[in-house]
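Following are the structures in question.
There are two complexes below, and they share chain A, which is joined by chain B in the first and by chain C in the second.
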Partner chain A sequence: MKGLQLWGAPLLSVAILLVFLAVWHAATRQESGAQVVDAEYAKLVGAEAATGKKSAFPAPADVGRKLWEHVTDPFYDKGPNDKGIGIQLAFSIARVLSGFLLAALVAIPVGFLIGMSPLVYRAFDPFIQVLKPISPLAWMPLALFTLKDSGVSSIFVIFICSMWPMLINTAFGVASVRREWLNVAKTLEVGHVRKAFRVILPAAAPTIMTGMRISIGIAWLVIVAAEMLVGGTGIGYFVWNEWNNLSIANIISGILAIGLVGMVLDQALARLTKLVTFPE
Partner chain B sequence: MSDPLIRVEAIAKRFTGRDGADTTVFEDIHFGVEQGEFVCLIGHSGCGKTTILNILAGLEPASDGYVFVGGREIRGPSLDRAVIFQSHALMPWLTVLGNIAFAVTSRWPEWDKARVRAHCQKYIDLVHLTGAEKKRPAELSGGMKQRVGIARALAIQPKMLLMDEPFSALDALTRGMLQEEALRICAETHQTVFMITHDVDEAILLADKIILMTNGPRARIAEIVANTLPRSRSHDTVHKEPHYYPIRNHLVDFLVTRSKQFESSLSADYDPRHPPLVAPGLTEAAPGTTAAPGRPVEKAVVVSLRH
Partner chain C sequence: MSMFNDPFDPDSRLAPGCSCGHHASEAEHAAGIGTTDVDALSTRTVDTAVMRALFPRDATRRRFLRAVGANTALAAVAQFFPLAAAREAFAQGKGGIEKPNLKVGFIPITCATPIIMSQPMGYYGRAGLNVDVVKTAGWAVIRDKTLNKEYDAAHMLSPMPLAISLGAGSRPIPYTVSAVENINGQAITLSIKHKEKRDPKSWKGFKFAVPFDYSMHNYLLRYYVAEHGLDPDKDIQIRSVPPPEMVANLRADNIDGFLAPDPVNQRAVYDGVGFIHTLTKDIWDGHPCCAFAASKEFVTQYPNTYRTLLKAIMEATAFATKPENRKQIAEAIAPANYLNQPVTVVEQVLTGTFADGLGNVRKEPKRIDFDPFPWHSFAIWILTQMKRWGQLKGDVDYAKVAREVFLATDAARLMKEVGMTAPAVTSKKFAVMGKEFDPAKPEDYLAGFAIKRTA
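Then we have the complex of A and B:
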């Protein structure tokens, strides 16, 4: 019974994966026959796929081989259009982290001030409400025009999109610190700075960290699109480049890598959130 | 009579409702708390008990009137007046030691770590929490949390302690134990205490003086009851004192009926500046005071709300 509790879920996960791979394998099995697509498309995808000998969509084994190549040699650099997946991921992670950290540097102090004063809260609210729903990519042309550098522009886009969840959560967390803790600080004649760091910050920390976790998730979603748009380097560019090369196996490898890195980023923030969360 | 440690003069609290009409929660409240005295304030909910305590603490301004501590008018909270909150108000991210140390370093910022630690330990030992220093509030029972709250308040060595129904959220057994400890600690430290309660037995056990408030709105002090029982009281023996039932009946009687009818039965010589001081159980009221009108000071009927 205990074994089932412990191993039941992982075993089921493996089973789901195997079923998925089996269906995928069956769907992409080689079939012999005449040309099954029209002539234009046949030129595009190559004779092999067009005659139906082999589907244009790779089988799991093909993707597996490609993945293995990427895992064993992630950091090669053979010119601007052929870099290892590791290098591309490193570019993307660096952009996400710098945009995210810049946003944290701005959003947390500003959110703190907004949360401390209901007046400032109300004054900032309309701006936040208008700016928050703007798709971060809509800022891209403006950023390219003013910053004149595609790398810096994508960092700016990350900065903008990570800003709002952190700002809103910090302001909310600070504004909703329990009155009794503030009263304790008051009766102890605690100064403003000490109150901010010893009472409000720890009380609001779980809410702030939740905002940061949402932010990093959004930032990782946006970087892929931003890099597809501006090109050059990064995992988003990698996926788009492989689409131009029509290497579906590489695209799938890229997608998988995006998912794995996103999970790692999210889990890292979840760990940090746990560190500052206190049981009531 | 020398000037009391705390003097409350004519305080009132009014709110302006949505329709613009003023609601007076209480008004014309006068009383004093002497150095080393334990004063309880009893009244029904809604008469503004907690507001009075918050005004004394400096957390809330009064709409009218003044509060003097040691002859000086108070302007906001002070380390001289420590508050024990009903909901204990411990910071859950700090340990027991951390919570008390936060108060101690607020009081004496110049102290080094070892001195703060030793000072905290003294008060942790005083409330019998030795061994629980590293625990967080979430790991403590309700009674232990309130002990931490008491230790935190005492550790800053305030001139007076303000308690807002500190034991009301606890179960009866824990409450009894903590009441006895509060008695012991107050006797040991000669602490001046102002406490709010709605528990008659708690007031008789702990207080030297019990202030009775009428029902709100426009609540006032109906009278001040002097506790005539000897100060060395305890749960086991208090009900065997000859004056116990007269006092208890007097208080219960007030809460059940007289707190509602106060306005209509107001005597002509009622002066809010000097509410009548009564001493139930004594054949004569304290000198220079008047007993409540139309009310025998002694009554034989046993009204029992508890037990």
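Then we have the complex of A and C:
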């Protein structure tokens, strides 16, 4: 019974994966159709077009082969437009982290101030509510126009999209620190700065961390789209470049890489959240 | 032509032709007798200019030189004209590259062939430039990145610099077309399900994609359907889609067809999603498509860099005009760093022996060709079409805009330097679908269309 509890879920995961791969394999299996054009013509077109069909979705084996190529050689650099998937991921992660950290530097102090005063909270609220739902990509043309640099623009887009969850969560966390704790601090005549750092910050930390976790998830979603838009480097550009080549197998490899990195980022912040959470 | 004659030689003429009279130009003469030393030639160019200014009449100069001898003459002239300084200044103007590290943006299509191939085939390197050619996602981005100066120069659609200079669709910024990259090389591709609908009259309700609003593709597609009686704004839909995304959209049935640059058309055939309905060569043989463009600021701020860069591209263009070189070029520009396409697709485009998607192998050696000369008449035609479809309102000084944006004189000089024949005039008549265009009478041409958006 204990064994089932321990191994049940992973086994089931593997089973789901296998079923998925089997369905995928069956769905993409190609009967090698008869060639409908002459040999000279067939040489000029893809294998599927020669049999009168459209080029097909790749089978799991094709994707596996591509994936293996990327895993075994992730850091090649064959010029400014052709770099390995590892280098592209590094570019994207660097952009996300710089935009995210900048946002944290702004959002957490501002959120703190907003949260401390109900008046400021209410005054800022309409702006936040309007700015929050704007798709970060809508900022892109504006950013390119004003910042005049595509690299800085993508970081700005990350900055602006990761700002709101952190800002709102910080303000909320700070505003909802339990009254009793503040009252205790007041009775003990604790100074303002000390109160902020010793009482409010630890109390609000789990909420702030949750905001950061949401932010990094959004930032990672957005960077891919932003890089597809401006090109140059990054995993988004990699996907776009392979779309240009209609190489679905490469695109799937890119998608998997995006998923894995996103998971790692999320888990890292989840760990940090656990560290600052304390039992009441 | 006679710029390389030794002006201190009493037997040389400073008139067109070479000093011995057997060559068409002094450059050929120099090549024939083995004086290809560029520095010597540039020194001579300066001397010639000075002597020409001093002695407008050749006979006078010759008499003067015979009387006093070349060395005395040189010393005499040097007294009141700093020849040495002028020689040096000119040599710097020739050699001193102000900015050796450049970024040039491109869209992954075969129109960009000269810009792209110059990198792997070493044209930039040999010219002493370190150029990064950077692949870019779309025309709006390439425009913004060039306006931002992230790119020093870029591959653009030839109407874009006109639009940018006039402020249509963006802030007005003086922009220039230094060279046309390619002529022909586009096609109308239709989805394979429309195999039977070869008559444009049956295209009502079709959704077409073109690369950009300000593109030859847009104007040619509009022209083509309008000549067949369809109103491009009412009877069909035209949307702008970046070339690399066109095949994916055609496959997904989002569009019925497109007028697109290659290799997109050939790629649609390669993947079995579309067929080539007509090459744009058959709409207007010799039409321009893409351009090598730079801001006026770059041209004036870094004149030597600009000239060196343009010359490298001209040399590449000259190489690309020869059909026997096309296979080699296809192999150089197909890899992931550049076009990211199967070699056979690029090769079919460049050699003109291609599968048309309907089971035929066609041979059209002029499917794409390369001719860098930025004809003013091309610009004027583009302006008439911008006006025809309401992108430009009001009066346009066609000739002036064409002159300012399409730098024909510079291009002609550099073409000669790389051994191409440059035309002596900057405007010519041509026919689009059998209808003649006279660049001297753009308004009459415009008035001749039944379907148009002009008020």
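Convention: the second predicted complex is superposed on the first by the 260 of 280 C-alpha atoms of A that agree within 3 Å, B and C clash if a C-alpha of one lies under 4 Å from a C-alpha of the other, contacts with A are read in each partner's own complex, and residues count from 1 in each chain.
Following the convention adopted for this analysis, a residue touches a chain if its C-beta (ideal position, glycine included) is under 8 Å from a C-beta of that chain, and two chains touch if they have at least 3 such contacts.
Not measured: the values here are computed from a predicted model.
*Asks:* Count the residues of chain A touched by chain B and by chain C, then name the partner with the higher count.
*Replies:* For chain A, the partner with the higher number of touched residues is C.
*Asks:* Scan A:A270 for contacts with chain B and chain C and give back first, second, both or neither.
*Replies:* neither
*Asks:* Under the stated touch criterion, which partner chain does A:N241 make contact with: chain B (first), chain C (second), both, or neither?
*Replies:* A:N241 sits against chain C, while chain B stays out of touch.
*Asks:* Just to be sure I read the superposition right, which of the two partners does A:S150 touch: chain B = first, chain C = second, or both, or neither?
*Replies:* second
*Asks:* So in the superposed three-chain picture, is A:P279 touching just chain B, just chain C, both, or none of them (first/second/both/neither)?
*Replies:* A:P279: touches chain B, not chain C.
*Asks:* Classify the contacts of A:L18 with the two partner chains as first (chain B alone), second (chain C alone), both, or neither.
*Replies:* Neither chain B nor chain C is touched by A:L18.
*Asks:* Between chain B and chain C, whom does A:L131 touch in the aligned arrangement: first, second, both, or neither?
*Replies:* neither
*Asks:* Determine, under the contact definition given at the top, whether A:T187 touches first (chain B), second (chain C), both, or neither.
*Replies:* first
*Asks:* Where on chain A is chain C touching in the complex?
*Replies:* Chain A residues touching chain C: 36-38, 40-41, 43-46, 48-49, 52-55, 78-82, 141, 144-145, 148-150, 228-232, 237, 240-246.
*Asks:* Report the residues of chain B in contact with chain A in the complex, numbered from low to high.
*Replies:* Answer in residue numbers: 57-59, 76-79, 81-83, 85, 87, 89, 91-94, 102-103, 106-107, 136, 138, 156.
*Asks:* For chain A, which residues count as touching chain B in their complex?
*Replies:* 178, 180-181, 183-184, 186-190, 194, 198-199, 202-203, 205, 276, 278-280
*Asks:* Over in the complex, which chain C residues touch chain A? Could you list them?
*Replies:* Per the touch definition, chain C meets chain A at residues 108, 119, 132-137, 140-141, 144-145, 148-150, 192, 244-245, 247-248, 251, 267, 269-273, 335-338, 340-342, 344, 348, 354-355, 357, 359-361.
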